Structure formats: C-alpha cells, structure tokens
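The data blocks that follow each hold one structure.
In the two assemblies presented below, chain A is common to both, partnered first by chain B and then by chain C.
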Partner chain A sequence: MDENRSHRLQANALKIAHLLTLFVAMMIICTPGLWIVLNSFRPTVEIMAKPPVWIPNELNLDHYRAMFGGIGEGGVPVLTYFRNSLIISVTSTIIALLVGMAGGYAFARYRFRGKSAIFIGLMVTRAVPGVALSLPLFIVYARIGIIDTHFGMIITYVAMNVPFTVWLIDGFFRQVPKELAEAAEIDGCTRWQAFWKVEFPVAKAGIASAGIFAFLTSWNEYALASQLTRSVTSKTMPVGLLDFTSEFTLNWGGMCALAVLMIIPALILTFLVQKHLIAGLTFGGVKG
Partner chain B sequence: MRRIKLPPWLVLLLPAIIVLMAVVLLPLILSLYSSFTAYRLTRPDSLYRWVGTYNYEKALTDAKFWAAFGRTVLLLTIALNTEMLLGLGLALLVSKVTRGQRTLRTMMMFPMMFSPILVGFQFKFIFNDNVGLVNNALQSLGLTEQAIPWLVDGKLAMFSIIFAEVWTSTSVFAILILAGLYAIPKDPLEAAKVDGCTSWQTFRHITLPFIMPFIYIAMAIRSLDVARAYDIVQIMTNGGPARRTELIWTLIGRTGYVDAKMGYANAMGYTSIFLAIFFTVYFFRKLTTARNELGMGG
Partner chain C sequence: MAEVHLEKVVKKYGSLEVVHGIDLDIAHNEFVVLVGPSGCGKSTTLRMIAGLEGISGGNIWIGDRVVNDLPPRARNISMVFQNYALYPHMSVRENLGFSLKIAGKSAAEIDAAVDEAANILSLTPLMDRKPGALSGGQRQRVAMGRAIVRHPDVFLFDEPLSNLDAKLRTQMRVEIKKLHRKIKTTIIYVTHDQVEAMTLADRIVIMRNGHIEQQGTPLDVFTNPVNTFVATFIGSPPMNLIDGVVKAGKVVFSDGTSLPIPTRYHADEGQRVQFGIRADNIMPVGHALPPEDHMAELDMTVSISEPLGTETILFGEISGTEIQAKMFNPRPVEAGETMKFQITLDKCHLFDAESGRALRDA
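Then we have the complex of A and B:
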C-alpha cells in the first residue's frame, strides 16, 4: 500500500505545481493592464508617493473628468482624437473587408497562372515595416496634399490591412463547399446572387473575424500615424497618447485614463467574436 | 472600340492590387530612387542630386548601423524563441485544466488587444525607476535598497524591452498552439499510452509534430509585424541610453525625421525591408511544408 500512497502524493504535488504555475502565468499576463486601470483612478499625488502607497486611500474620476472636460488637461483634445480614430478605423475596416472579400474569393474559387506568386507578393507588402514606409509616404502625401487628412490615413490603413484580410477570407471561402454555390447557380441564381445568398452567409463569421483584425490594426497603429498626422484634424489616439509627455515630465494618471479609453472598444469587439477569432486564424491558416 | 474583357479573377483582385500599388509599391519605388540621392527634408531641390550608391556605402560602413542591425536580429531571435517556448508551455498548462478553460482563454487574449504603443508606455511606467511597479515591489519587499535603473542601464533596458515584447506576443503563440492541441486526434495518444510511452515520448513524437503547423502559422503571423517592436522601443527608451537599445527602425526614424537625411534613411530602410521580407517568406515556406506533411495542403 505504501507504493500506492506515494504515487497519489506525487500526483497531488504535480497538480498543485500545475495550478501554481498557471496562476503565476496569468498574474503576469493580467497585472500590467490592471495596474494601468487602477492608476487611472488614483490621484497623481498617490501615484508619485514615495514610499509607494499599496492600498489606495481614495479613488476618483479626476483624470477622466479632466480628459473629457472640454479641451482636457494640458490641452489634450481627447474627444477629437477618439472621433478621428473611430472614423479612420471603421471606414478603413469596411473598405478593407470589401476589397479583401473580392480578393479572397478570387484566390479561393479561381485557378490562374502565377497565383502563388501574387499571393506571396501581397503578403510581402504587409511585411514592409511602417517606419520604412512612412518616409516615402510622407513625401508623396505632402506633394499631393493629403497629409494630415482622414482620407490619407484611411487609404493607408486599407493598404495595410488588405493582405491579411485576403489571406483570412481566402481560408474561409475554401471551407465553403464549391457544390453549394454550384447548386444555387443550377437553381437559377446568377453567380453574384449565389455569392450573396449562399456563400457569404456561410463565411460570415470568418469575415467578421477578419474585420476585427483589420479594426484592431488600424485602431492601434502608431508608426505611420505619428508621421502622417500633424494636427487635431486627423491625429489618432495612439499619437495623442504622446501629448501627455513633455520634455521632462509625464502625466501618468492622464495617460492611464486615455489608455483605458483606447482599450475599451478593442476589448468589447474582441469579446464579441472571440470564438470565431481563434477558428478564423487556425483554420484559415492550416487549410488555406 | 472593342471593350477588353478581363478574366474574372483579375477583376476581383484588381482593387487590392491598385490600393497596394498606390500606397506601398509607388512610395517604395520613390524611396528606392531617393536612396540614390542626397535628399534632405529641409532642402527639396536636393531630391535631384544623384549620388549613386554613396548612401549605401555609407550605411554599410557605418558602425552605428551595424550595431543597430545586429541588435535587431538579436532581439528578434531571443523574443521569437522565448515567445514560442512560453506560448507552448502556457498552451499545455491551459489544455490540462478541466474547469474554467474559457475564462483562461479569454484572459490569455488580453495582451493581444493592446496597442504596441500602449504596451511601450505601460512598461515604461512599470519599469520606471522612481514610481514604477517593479521597483516599488522590490523595495517594499526589501529585496533591494536602491532603485534599479531599469530603463537607464543599457543591458537592463534591453531586458525590459524584450520583456515587454514577449508579454504582448506570447499570447498569439499560446492561442494558436492551444487550437492545435484541441485538433489532435485522440487515437494515437491512447495507442501510445497502451504501448507504454512516457509522457515525454508522447509529447515529442505525437503532440509536437501535430502542432508544428500551428507554430508556423503563429510565426508567419508574427513575422508580418516584427516591426511592431519599433513602437515599443520608441516609447520605452527612444533608442537610448546612448543608443544602447537602438534598433534598425528607430535609427531610420531618427535619421529621416530628426536629422532630415531622407536619402540616407531610405537606404537603411531598404535593408530593414529585406530583413522583413526574408522572415516572411521563410515562415510562409515552412508553413507550406508543414501543411503538406500533415496532408492538409490544398
């Protein structure tokens, strides 16, 4: 019986070690974000306190009030940035999805010469680092006068997102059996009708997840936006975050509040399509 | 006049191609041209002063450039490998849990939603030597008397940057590998158990080959935005202290916009583009082979 007991003991020890490791890992993942949220509610005095204050004495909405109150603390027009971000991200996501659907459909349903070469070509354009692209884009946009406009940013983000949306959507259309659309065509649909009535509804979840990725990319992008936007007319929130820094000081509390504002839409959207997100990435990729 | 009829696939692909031509290809051609000129932002007429390969020669003999290049490759190697190993570990841990897996999965996706610039700022705050979480915790626990200058010391700053980078991207690997673990058929695993394989053998010879394509997908996705590290570094240290954390991307940005030497910056930009293209093509190739091995190719 002794052997039996030591075996059980070992199994239990292993289980505890497993849960402990998992707990520590999750702590590391969650703490930085929670720290930001916590600090957005704390007065600046407490953030800067030395020795540190671990248990907050008071929590208030001062940073949020300052952020939304008219021009905002230190003159950061957060609401305008939020609106710019929203307009640019939503518009570019919709356009990228339409373009991506057309492209993905072409890759999934037609056979043509140079298919894989075009595919790799599309992917490679996505790999060009934002910084390297921002220099020439800056020159071109400045010449044709679309620097610091919504239009300029939207078209840039469409180009950034198209390769990835094409890749994902291609994977989803492949999962839809060809026979489905063919049956619809035999029943008298045109190809266009067959697409919208049969294939699109089946692949809808996947297209939604591609949309989330496109939205998150535009919403979070910084390297290009920091050079192509100059003033409040088109500055997005990631660029606006830098308004809280000055040469020697940083307004940590205000930055945390803006950070929370930036995360919330991303958080909501991601939770809405969480399930499709994983399925989209893996099946789009493995089978695609 | 006869209308030219294009094949349908080309019509469908045309919008994508046009957008990419206008926004990516055209500027790249322009930057290729300007990398052969002495173009300075402050003097527009210098765009027409042809200097041949002078900028490239200058870049290739510039110690600062090579230091930044080496550092970038080092950072990518360390970060990607660490992310993969940690992601694998995390996925295995989560897959063994019997209850609350959904919640854990949701928590794992948390860092993916953070903008890289936000990650940079967040870790700048956390590693701040005066008010940061890490130093506060270390000092309160009495582990260190003095504040550790996380972002001021060269080596520690590099460590902090890698930590931030790994924190954001490990979840990409973890989630994709987790999806791979779910997709493994149960039969071979049971057969291995019956045949008396140790758990290491089962992992090495059954689990690992099955999740390899998923690891490559994660790598391929990551390779598309390796330059995200630019945002993080830009915010956390801005290449400092004394260029100890200067990556190729921050060097380009500084040369182009701060020093206004656009031609020279574009010459360096091209090297970074080739670096990115190399990574992308490499991992997409790997992905295709791994797919074919499992018979998933199409």
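Then we have the complex of A and C:
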C-alpha cells in the first residue's frame, strides 16, 4: 500500500511541477505583450517611473486620443498607415498563396527534372537575412522608381513569403492521398475540377495556416519597410511606430497605443482562421 | 453492357517495361480477378484500363470503343480503391452523389440514384456522416456505393479488402459476390490474395513479372496449373514440390524413395523433374478422405503439427524437402512420430525441373 501511496504522491507532485513550469513559461511569453497593452492606457509619468509601477494607479485613453488627434498634438496618420498595411499585407498574402499553391502542388504531385535542387534553392533563400537585402533592394527600387509604393512593398513580401508558402503547402498536399484526385477523375472530373472540388477543400486547413503565416510576416515586417517606404503614401504601421520618436524624446505611450492597434487585426484574423485549422480533416477519407 | 479487350498492352516507365504485351478478353458481366505477387503488374494493368496510367503500346477496348487515349472520366468505369479514397470533406450522401452532380444530373435524379445505392448496400442510416466517422467496413461499402451509383460499364476493384481485418474481409467478400449478382456488370478485381481470387472469380488471371501465366476458372487453375509458379501460388497451403529424376517410369528422389509418375503426366527417362503434391493429397493412412484410385504410400516423420480443428497440418520431409500434409479426423500427433502416408496420384503433378512447365500429356 505504501508503495502505491508514494507513487500517487509522486504523480501529484509531478503534475503540480508541470503546471508551475507552464505558468512560468506563459508568463515569460505573455508579459511583454500585456505590458504594452497596459502602458498604452497609462500616463507617461507612470510608464517612465523608476522603480517600475506594477499596479497602475490611473488608466485613461490619452495616448489613443493624442494619436488620432491633430499633427501638433502628437497625432499620426494611423488610418492611412492601417490602410497601407492592409493593402500591402492582404495583396501580398493572396499572391503568395496562389503561387504557393501552384508550387506546392507541383512539388507534391509531379516529378520533374531538378525538382530537389529547385526546392532546396527556394529554402536557401530563407537563410538570407531580410535586412541584408535592404540596400540592394533600395538601389534597384530607386532605379526603377518603385520606392515608396504599395507595389514595391507587395513584391518584396511576395518574394519573402513564397518559399515558405510553397514549403508549407507542399507538405499539406503530400498528406492528401493521390487516390482522392484519381477517384474524382474517375467520377467524371477534369484534372482541374478534381483539384478544386476535392484536393483543395481537403488541404484548405493547411493553406489557411500558410495564409496566416504569410499575412503576419508582411503585417509585422519592419526592417525592409523602414528602408523602402518614405511617406504616408506607403508607410506601414510598424514603420509608423517611428513617428513617435523625435530628436530628444520617445513617446512610449503613443508607441504602445499604435502597437495595440497593430496587434488587434492580427489577433482577429488568427481567431477567425483558427476555426479552419482543425486538424484531422484528411483523416477518414482513406483507411483509418 | 461492356466487354473489355486488352490487345498486346505494354506499359513502360522510361526504359523499364513492367507489362509485356498482355492479351485479355473479358466478357460482359464476367467477374475476372487479376492475381499475383506484388510487382507483377496487376495493379498497373487495372490502372491502364481505368485510364489513370497511359499505355505504352497495344490497344484497350471497353465495349466497342478503343479507349487508349481517353481520360478516366470518358470511359464510363468506376473504381474502388485499396484505401477507399472517400472524399473526407463530404458526407456519405455527397460522396455517393458526387459523380452524378459532376455529370450535371438534377437533384431529384441524384437523390433517387443515391437512395437506390444506399439501399443495396444498407447505407441508409449513415447518409449524413462524414467518412471519418465510419468504420472500415462501412467506408468500404460507401466506396462500393459510389462505384455503383452511376451504373458504369465496368467496375474496377484495386485490392479493396486488404485493409480490413480477417473477419470483415470474409464478410465483404460475400457482399461483393452478392453485389455482382444484383447489378450484373463486368468486374475486374485485383488482389494478391489467392483465397479472394478463388472465391470471387468467374475467371482467374494469374500474373507474374508483367506476363499472364495462366487464366481459367478457379477450379481449372487449381487442378491444372501450367507451371510451378501457378501451382505454388494458388492453393493454401502451397503445393509441395519435390526434386527428382525419372527412372523406369518412376520419379526417384535424392534419398532413394520413389513415387510413380502421376496419371495424366508424361516424362522422359532421365529427365529432371519436380513432383507436385497438394497437402490435401498426402494424408496419413486412417486419417484420409475417402479412398480414391491410384494410391501410393510412403513413410514420413512428422516434425511439427498444426491442429486447425477439422484438420491438422503435418510437417515432414521427403528427401530434404519440407512437406505439408493434411490429416482429417485428426488425433494428437507427437513430434518425431513416423506415420504412413497415402498419396492420391490422380491429383499429383509433374513439372520440368528446368522450365517449371507442367509435363501434362497433350
């Protein structure tokens, strides 16, 4: 009996340790984000206080009010930045998904000369740090006159995202059994119908997750955007954060408020698409 | 209403030829089973008939049409895949009706056809489930339902039972046979399981290395195998083959024992041969099926016995070759016991040792 009791105690202790570790890990992950949200509602004095004030004394919307206010009152063109970010991220994501689907499908289904070399080549492009490309990109873009345009940013992000979407979508199409398309063809579909009516819906969850990654990459990207955009016509929200820095001061509260506005659409999108990310959609069609 | 004819059909992958010009005529409403070990070309042949693989030479007819270059959708066939290939994002009803929907049939027509198929296969209570919520046997039935719903000219089955457990497989085998009775359509069925082939087929086509070795009714290929490959492939346990030399009208084995040349067979003096006996035709005296003509007898020491209930498989040796024999009305047998066995020469076989061909009198 004693042996059983000690094993039971040991199991309980392990469970508690497990929960504690998870809590600490989640704290480490969540604290910076929560700190940003909290700071966006606090007066600057409290943000800058040393030692830090952990429990806020006062919460208000001053930073948000100022941000949407006039130029002289610390306002920034938030809506324009938001629109720029949205146009650039959504367009580049759609293009990256279309290319990624075509490429991923080809890599998953067809055999062709140089297949692995091309695939590895695509992956290697991911190894190049984005910032290293900023200067050459700047020079090329300046020459052809697409600095500070939506178009320039869109093709930059498409180039950044395509290798990743191809890789991810290739993996998802590999999981869709070839026989599904064959069965559809025997059932009367053309090759194209078999793809859209059977293979695409089955791989939809994977394609959605590739879409989220591509969108978030473009939405959050700062390094390249800060070089390739100049004015409100194309500046994205991350670059907009820089508007809160001036020669001698940093408006932390304003920055936090803009950061919160940036996080919200990304969160909403992730929650929306999450429903489609339910794993196991492909199970059951073939033997279980 | 369709016959299927294959005329010198060849399949090559690059320079590698995997199907070597096979000829096959399948009558309307015939149930033909292509059987053989893996890599024998049976699935490739089926996929060529389906149009999922192109052909590298020859002609394929379905009905009176040459279909060599037609896509699968234009051949009016349906196919049941080994892994069922049900559409996981559609309910059973949508799976069954998919082909009709693609064909642009009206909702009423689709419903009628789907309900009919569901009735035949007892799928009615499952119509709103997704394939993921079905058991293996139910998925198998949905796959068959999807195949019958459009009344195709030819049914193709690609090892449809190999993912089921033994009990369900036996059950589905019977269902497939019943289905064939009901729907009266040409069926081409691929399997590596000779029991399936024997039980289902009107005609068995045994393939090896891209060639057809033999075709005929199940009983015909069982009783008259044309070579040692067919002899050992069809029948369970496989036919025992013992090496020997023909001397004075007898086959003499390396240990000096001999058996008369089986009736129906002929061999030249001094010819190296293989003597073939099925387990059912070598039985311990006193535990045999009713006596037949042309018996021979020999002694054999039993090394292992496998009781199966109605019969026991006995393992022994004749001139260094392991032999399986069947004991009917079994009694317990000790390992090492020497027993007298009777051999039904009428049902034994003789093959040329070099070519493996049966040495049957013409």
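Details
By our rule, the second predicted complex is superposed on the first by the 237 of 288 C-alpha atoms of A that agree within 3 Å, B and C clash if a C-alpha of one lies under 4 Å from a C-alpha of the other, contacts with A are read in each partner's own complex, and residues count from 1 in each chain.
Everything below uses one rule, namely that contacts are C-beta pairs under 8 Å (C-beta built on N, C-alpha and C of every residue); 3 or more make two chains touch, one makes a residue touch a chain.
Just so we're clear, the structure is a prediction, and the values are computed from it rather than from any experiment.
For chain A, the partner that touches more of its residues is B, with chain B and chain C as the two candidates.
After overlaying the two complexes on the shared chain, residue contacts for A:Tyr222 are found with chain B alone; chain C is out of touch. Of the two partner chains placed by superposition, only chain C is touched by A:Ile186; chain B is not. Contacts of A:Pro201 after superposition on the shared chain: chain C is touched, whereas chain B is not. Once the two complexes are laid over each other on the shared chain, residue contacts for A:Trp54 go to chain B alone; chain C is not touched. Using the contact criterion defined above for the overlaid structures, shared-chain residue A:Ile144 touches neither chain B nor chain C, since it reaches no partner.
In the overlay built on the shared chain, the residue A:Ala117 is in contact with neither chain B nor chain C. 281-282, 285-288 are the residues of chain A that lie in the contact sets of both chain B and chain C, per the superposition on chain A.
On the chain A side of its complex with chain B, the touching residues are 18, 21-22, 25-26, 28-33, 35-36, 39, 47-48, 50-52, 54, 98-100, 102-103, 105-107, 110, 112, 118, 120, 122-137, 139-140, 155-156, 158-159, 162-164, 166, 174, 216, 219-223, 227, 238, 241, 252, 255-256, 259, 262-263, 266-267, 270-271, 274, 277-279, 281-282, 285-288. Contacts from chain C toward chain A in the complex involve residues 50-52, 71-73, 77-79, 81-89, 98-99, 102-103, 130-134, 136, 139, 146, 150, 163. Chain contact summary for the complex, chain B toward chain A: residues 7-10, 12-13, 15-16, 19-20, 22-28, 30-31, 34, 89-90, 93-94, 96-97, 104-118, 121-123, 125-126, 130-131, 133, 136, 139-140, 167, 171, 175-176, 178-180, 183, 213-214, 217, 220-221, 223-224, 226-227, 230-231, 234, 249-250, 252-253, 256-257, 262, 265-266, 269-270, 272-273, 276-277, 279-281, 284, 287, 291, 296, 298.
Across the interface of their complex, chain C is touched by residues 177, 179-180, 182-190, 193, 197-198, 201-202, 204, 280-288 of chain A.
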